[in-house]
Structure formats: structure tokens, C-alpha cells
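One chain, chain A, links the two complexes that follow: it is found with chain B in the first and with chain C in the second.
This part shows the complex of A and B:
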């Protein structure tokens, strides 16, 4: 038995709070959560049933918190959590769960299964049973401030291009600005159009904003791998930078889990409330529009649909804003059969996109999104998460579909009345 | 002699274990604690918890499409059992005499028959489903089967004892019900109480985020 395994068991014990205890006490093994999980519906493999992914944690809960478990333990009998459990469940916990939260919406007894899987990852991560890709991303995040190794110099190079293309000056380390904007590495490297779009929109709407040279990265690998120390360190950097600059708001970018990390888990990770508010870019854009500061000049006739990023919509509560914004520029916006808080995941959330060994399975289960798109009959899909966007584009490429994926913020910028 | 024991001390013991056991389970869950959430809420945790308490009685479309029979059987079993437990005349008389001191209107005989049929059909279907469906077969453990068998034999003996013409059948039903009460706090049957907590916790979390769950 290794030392890290013992640490993993201790970490898992620490997760057995009242929520987890009530969830395991209530679960009657009905299996209905399977019907909400794309890894089960697209493969038919019962091992992908969401609650089954929690067997190691259930085993520990039973031994530590139930009458029969305690009795068995005192008699030297009963099932114990073993290192083999960690080894056997690693792929179920990391490769076949995107933390999308759909299972948590359908459980008849109300179990937040996603919450438990997120908690279980804390133990797996400590015990050393996590995918190499995610471990590497976490290391890079701690060392360079970005899971993709994007340094401030890389960002500066991107900003120079944006400034050249737009003729605008991008404010950096502007003391006393109202908003401090974060980006995901994906946006800096793959979608600099997003940075250009918000620069143009903010200029047009008269928003006082800045980028921090100390904390510009929104992505939080600690949340994905399930390591609260790393997650807290990454959140702490943003908080320190925002409070040093004295901003009133921090803007979370078009990235799903980044919003969960800074908005919902952030204060709990660092153990105190922030001295600023966190807003998602879609919340800010909708607010600017309602105040008449986001002026749009024309609408799209092309039929469009919306892919709801799980962490922004279902787990984040930004449900109406993307619809209000998209309706303001798209005359033919058509919802998918399951949408809003019941939308299906792209398949790459929760760190799955950073997990190379999960690629084959991820592409296999993309059939769910493909079917949704086929049923909608629309060839243009709008979304608001750079990670979803990459995953959707890969799936579309893999299945040779003729679908275009565009960012909602970029779409709005295209219709900006400057 | 045995009859007096089942009717007297064993009933008192079973009821005491049930009540103390259920309270102990609920208190031990609550004592496990939940950290206070420091994130600024978008909505009300209380409203979210209250909403989830009832909204989860109505299944999501995703589940109704693929798990239709399981849902119908689940509703049939739970509603049938609830009606039998609280609105069958012999039970009302028993509760009035042993626990509450007052009675309430009973359902007519035909409703008893319908409730019993629904409860039996639902339970048998759910149990077969548990055994045959690959997902539920993988998830199920001994506790699930013991609970289902105990409820089944209690219901069966109850129907046999309905006429109350055979004292032995009434005592058998009571004995099995006492075994069920003794087993209840240590089993998955606790979901009859803890579902309020699990729905409440999730509803509160989602309510704070402004999501209807």
C-alpha cells in the first residue's frame, strides 16, 4: 500500500460531508442517471452509469458512516477501499465524465452526482490516479500561469496583433479600471478574434477595462483534475491581481469551467469573499444591451442554433442571457431538442479535452451532439465556450459534418454599430 | 404465547428501534456538516430547496423517453404502498389504537384492491427490472434485494390477513412488519426520509446559482 494511496483515502474521507451522506443514503440504484449521461446513451455500456462512477467513494462511505460498515470494520470483515479501486475507476472518473451535471438534473431523489464525482477526483488526484495530460496541464498552470504554457509574452504578442488589426489600444494593468478581463489559453492561442471582439465592444460601449499582466488566465486545471490546492493557488492569483488593480468586476471569458472556478468555487477555495464581483462575459454583454450601450446594426438571416456550455448554463445559471443576445442578432434562431439546462455536453468538458487517452471515447459519444444537430436541421451553431468550440469543431471534422461553429461574443462584435 | 410476544414486546421494540434508528441516521447525516458557501448567490437557496422537493416528483423528458416503464412502475408501487399503509381500514384501526389515539376515513374496499394491485405490479416489475436490466443489475447490492423481499412479504401477508379471520395470518403480517421496521433504519429504505435532504441540498445549491433543478 503506497503512501499516496493513504493520502488519497484521507482526502476522500474529508469529502464525506452531509451532502454526500444524504446522497448515498437516498440512492436506490434505480439507474435513471444513466439515461442522462451521453457516455452511457451513446455506448450502452452500464459501467458509464454516473452513480457507478462513485463506487469507490460509496465503499468508503459505507465503511465509515453506516452501521453495517462500522460493524464489519470492527469485526475485521467487510469491503475496504483498495488501491486497485483507484486504478480500476480512474478512467471512469476522468475519461467518461465531463462534470456536465446532466445526471444531477434527473435523479429522482435529487442527488448531485456531479458534485460527488468532482469531490471524488480530489482523492484520485492526491492518490496519483489522474490522467497524465491533466497532470501536465496542472504543472504548466502552476509554473507558467497557463495550462497550455501561455506566458504573458505570448499574450502580448496576440494583443499586438489585435491592436494592429483594430487600431485600438488594449489596456494593461490599468489601475482603477471597472472591469478586469480574463481569457482562456484557448482564446489566446486559437481564438484571438474573441479578444478583438471584446476590445471593440468595450470601446463602443464605453466600458472601463483592463487586462492584468499578473493574472490573465481564467482556465483552472485544479478544478478539472480535482486538486483544491492547485485550484486555490490559481484563483488566488486572479484575486490578488484584481484587488491590487482595485477593479470592481472580474470578467470570466467564454470558457465554461473557468466560470465555475472563479464564480462559484473561487471564494470557497480561498476561504473568503472577494472584494469585487465576478461576471460572465455574456452577463456583462446582456447588461450592456439592456442599458442601451451595446448597439447592434443588423441581423443574420442564416438559421442558427445554440450549444449551451454546461458550466455556464446548467452549472452556472447563465441561461437566459445567451438567448437574449442571440435573438438580437439572429432572425432564425432555433433551439435544439434538448436545450438550456438540459442541453447535452460537447463531450470535452471537465478536463476530458486535456486527456489524450479519452479522445477515442470522446469522439464516439459525439454522436449525441451530431443527432441533436441533425434534428435541429441548422448548419450554424453558436456557443460561448472556447473549449466547447474546439471539441465541437473536432467532432464535426471527425463525422464530416457541414456545420460552422461560431462564438456568440464574436457574432455580436460582427454586428456592432461602431 | 408467541402471539402475545409479537403483539406486545416485539412491536414496542421494533417501533423503538425504528424511531431511534431513523432519527440517528438523520442526525448523523446532518452532523457530517456542509461548509457554508462563500460565493455571492444569484438566487435563493431556500426557494431552490423547496422547489426541488416537489419538482423531482416530475421526471425530466430525457428519463421519461427511455425509462418510461420503470417510472410508471415506480409511481404505481409508491402510491399503492402509501395508500395501503395509511388508508387501509385495519391499518387505521391499528394506528389509532397503538399510536395516534384517533382515526381517519379509510379508503373503500375497491380502492384497497386497486392500491394493492398497483403496489404488487409495481414492486414485481421493479424487482425484475433490477435483476434483468444491465444497469440496475450492475448497481444493485444485497440491501436492495433484502429491502424489496421484505416489503413484498409484508404486503403479501397483509393481503392474506385482510379478512382478519385467521389470527395466525394477522400475527404473521405483524411479525414481518416488525422485521421491516427493525431493518429499515440500517438500509436503503431510509430513502423514504433522506430524499427530503438530498433534494433539499441539491435544490439549495442550484437555487443559489439561479438554476431551476
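This part shows the complex of A and C:
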């Protein structure tokens, strides 16, 4: 038995909080969570049943927290958590779970299974059983502030292109601005159009905003890999920068988990309330529109549909705003089946997109999204997460589909009343 | 690990990427390509040179999607798709071409 294994077991014990214990004792073994999971419905493999992915934690819970388990353990009986369990469950925990949260929505006794998997990942990560790609992403996040290794120099290069293309000046480290804007690394390197759109919309709506040179990264690999120290460190950097600049709001970008990380988990991670508010970009845009500051012209006749990023709708609670915004520029907006809080994941959330060995499975389960699109019969899909966008584009190319993916913020910027 | 090129020794990591990015010279790409049974043509060099310029500006190795998009913008749409790039670099345009160009391994988002 290795030393890291012992640490992993200790970490797992520490995760057995009141919620986890009550969830395990409430489980009625109905298996409904299987039908809610993309990985089960698309493969039919019962190993992918969400609650089954929690067997290692359940084993420890039984032994540590239940009467019969404790009695058995005191008599030297009952099953113990082994290192082999970590080895056997690693891929189930990391490759076949995108933390999409659909299982938590359907559980008849209200178990937040996604929360439990996040908790279990904490122990797996400590025990050394986490995918290489995610470990590297966390290391880069701590070292450079970005899971992709984006440095301020990279951001500056992107910003200078944006400034050239728009003729606008992008405010950096502007003391006392109202809004401090965060970006995901993927937006900085692959979708500078998003940054450009923000700059144009904010200019047009008269928003006082800034980027911080100290904290511009929105993603949080600590949340994905399941390491609360890393997660807290990354949130802490944003909080420090925002409070130094004295901003009133921090804007979370078109990224799924970034919003959950800073808006819902952030204060708990650092142990205090923020001196500013966190808003998601879609919430802000909808607010600007309702105040009459964001003026749009409706011209789009092409039929469009909306892919809800899991973390924004299910764990973030931003459901209506994208619909209000999309309806104001698209005359033919058509919902997919299972849209909104029950939407299906693109397959690349929860760190799966950074996990190379999961690629084949990820493309296999894309059949769900393909079916949703086929049923909708629309060739233009709007979304609001750069990671979803990349994963959707890969799936579309893999299945040789004829679907265009665009970002909602960019679409709005194209319809600005200049 | 290490490779020999142009009479010199270049250290690489366990996946074959140069440890010291500043040491790169064209012979490194030639040797790495030969090890992968590839002969570098001017089409390959177009991408390798593009990658080096990209890295110079952004200080980051682009992932496949970033690469295809940026190549399309710079070298024309018919080259800005993954089919074209995979044909040139069968082990993955991001990974293999970045390795030849002396860049670190490209990374994805999380």
C-alpha cells in the first residue's frame, strides 16, 4: 500500500460530511440516475450508472458511518476500501462524468449525486488517481494562472489584435471601474471574437469596465479535478484583484464552470463574503437590455437553437436570460427537446475535454447531442461556453454534420444598433 | 531522453518535446520527422514556421482547433481544416507539429 493511497483514504474520510452520509442512507437503489446520464443512455453500459461511480466512497461510508459497518469493522469483518478501488474507478469518476448535474435533477430522494462525485474526486486526486491532462492543467493554473498556460503576455497579444480590429481601447487595471471582466483561456486563445464583442457592447451600452492584469482567468481547475486548496487559491486571486481595483461587480464570462466556481462556491472556498457582486455575462447583457442600454436590431431569419451549458443552467441558474436575448435577435428560435435545466451535456464538461484518454468515449456519447439537433432540424446552434463550443464543433465534424456553432454574446454584438 | 541532430544533442521530455525551447533549429524538426517516418515538405515547413511565429507572439502552443482556425486565416481556407493538417501530420497537427517546431505540448481547456 502506498503512502498516497493512505492520504487518499484520509481525504475520502474527510469528504464524508453530513450531506454525503444522508445521501447514501437515503438512496433507494432505483437506478433512475442511469437514465439521466449521457454515458449510460448512449452506451447502455450499467457501469456508467451515476450512483455506481460512487462505490468506493460508499464502501468507506458503510464502514465508517453505519452501525453494521462499524460493528463489522470492529470484528475485523466487512469490506475495506483498497487501492485497487481507486485504480478501477478512476476512469468512471473522471472520464465518464462531466459533472453535468442531470442525475442530481432526477434523483427522487433529492440526492445531489454530482456533488458527491465532486467530493469523491477530492480523494482520488489526493491518492494520485487523476488523469494526467487534468493534473497538468491544475499545475499550469497555479503556475501561470491559466489551465492552458496563458500568460498576461498571451492576453496582451490577443488584446492588441482586438484593439486593432475594433479601434477601441481595452481598459486594463482601471481603478474604480464598475465591472471587472474575466475570460476563460479558451476565449483568450481561440475566441478573441468574444473579447471583441464584449468591448463593442460595453462601449455601446456605456459600461465602465476593466480587465485586471493580475486576475483575468475565469476557469478553475481546482473545481474540476476536485482540489479545494487549488480552487480556493484561484478564487482568492480574483477576489484580491477585484477588491484592489475597487470594482462593484466581477463578470464571469461565457464559460460553464467558471460561474459556479466563483459565484456559488467562491465565498465558501475563501471563507468570507466578497466586497463585490458576481454576475454572469448573460445576466448582465439581459439587464442592460431591459434597462434600454443594450439596443439590438432583430434581423436574423435563419432558424436557430440554443445549447444550454450545464453549469450555467443547472448549477448556475441562468435559464431565462439567454432566451430573452436570443429571441430579441432571432425571429426563428426553436428549442431542442430537453432544453433548459434538463439539457444534455456536450460531453466535454467537468474536465473531460482536458482528458486525452476520454476522447473516444466523449465522441461516442455525442450521439445524444446529434439526436437533439436532428430532432430540432435547425443548422445553427447558439451557446454560451467556449469549452462547449470546441466540443460541439469536434462532435459535429466527427459525425460529418452540417451545423454551425456560434456564441450568444457574439451574435448580439453583430446585432448592435450602432 | 535526447535526440541527435546536426552533430549536437538536444534534450527532450518523456513525450519527445524539446526541454529547452530556445535550442531549436531546423535540423531538430528533420530528425524528429525522420523518427516518425515523415519527410518534411514545404507544406510541412509552412505549418512549422507558422507555429513558431504564433508561439513568438502568444507564448503558447495552439491546440488543434486554434491551429486550424489561425492557419485558415493566414494561409487560406483550403488549408485551415483538420483534414489537411492531419494529412500532413498524421499523429495530430497540434501535438506532432508542435513537437517538430520545438514548442511545448499544446493544451486544451478544462
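Here is the rule we go by: the second predicted complex is superposed on the first by the 418 of 418 C-alpha atoms of A that agree within 3 Å, B and C clash if a C-alpha of one lies under 4 Å from a C-alpha of the other, contacts with A are read in each partner's own complex, and residues count from 1 in each chain.
To be clear about the criterion, a contact is a pair of C-beta atoms (placed from the backbone, for glycine too) under 8 Å apart; a residue touches a chain by one contact, two chains touch by 3 or more.
Every value quoted in this text rests on a predicted model; they were computed, and no experiment measured them.
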item: Between chain B and chain C, more extensive residue contact with chain A; value: B
item: Partner chain(s) touched by A:252 [first = chain B, second = chain C, both, neither]; value: neither
item: Chain B versus chain C as contact partner of A:184, first or second or both or neither; value: second
item: Which superposed partner A:197 touches (first chain B, second chain C, both, neither); value: neither
item: First, second, both or neither for A:321, with chain B first and chain C second; value: neither
item: Partner chain(s) touched by A:311 [first = chain B, second = chain C, both, neither]; value: neither
item: Chain B versus chain C as contact partner of A:403, first or second or both or neither; value: neither
item: Touching partner for A:65 - first (chain B), second (chain C), both, neither; value: first
item: Which of chain B and chain C A:107 touches, first, second, both or neither; value: first
item: Chain B/chain C common contact set on chain A; value: none
item: Contact set on chain A toward chain B in their complex; value: 16-23, 25-32, 34-36, 40-41, 46-47, 49, 51-52, 65-68, 102, 104-112, 115, 263-268, 271-273, 277, 314-317, 319, 338, 341-342
item: Parts of chain A lying in touch with chain C, wherever the complex brings them together; value: 133-134, 136-137, 140, 147-151, 153-154, 157-158, 184-186, 189-190, 219, 221, 224, 257, 351, 353-354, 386-387, 390, 393-394, 397
item: Contact footprint of chain A on chain B as seen in their complex; value: 25, 28-35, 37-40, 42-43, 52, 56, 59-63, 65-67, 70-71, 74, 130, 133-141, 144, 185-186, 188, 190-191, 194-195, 197-203, 205, 209-213
item: In the complex, chain C residues that touch chain A; value: 57-60, 62-63, 65-66, 69, 82, 104, 107-110
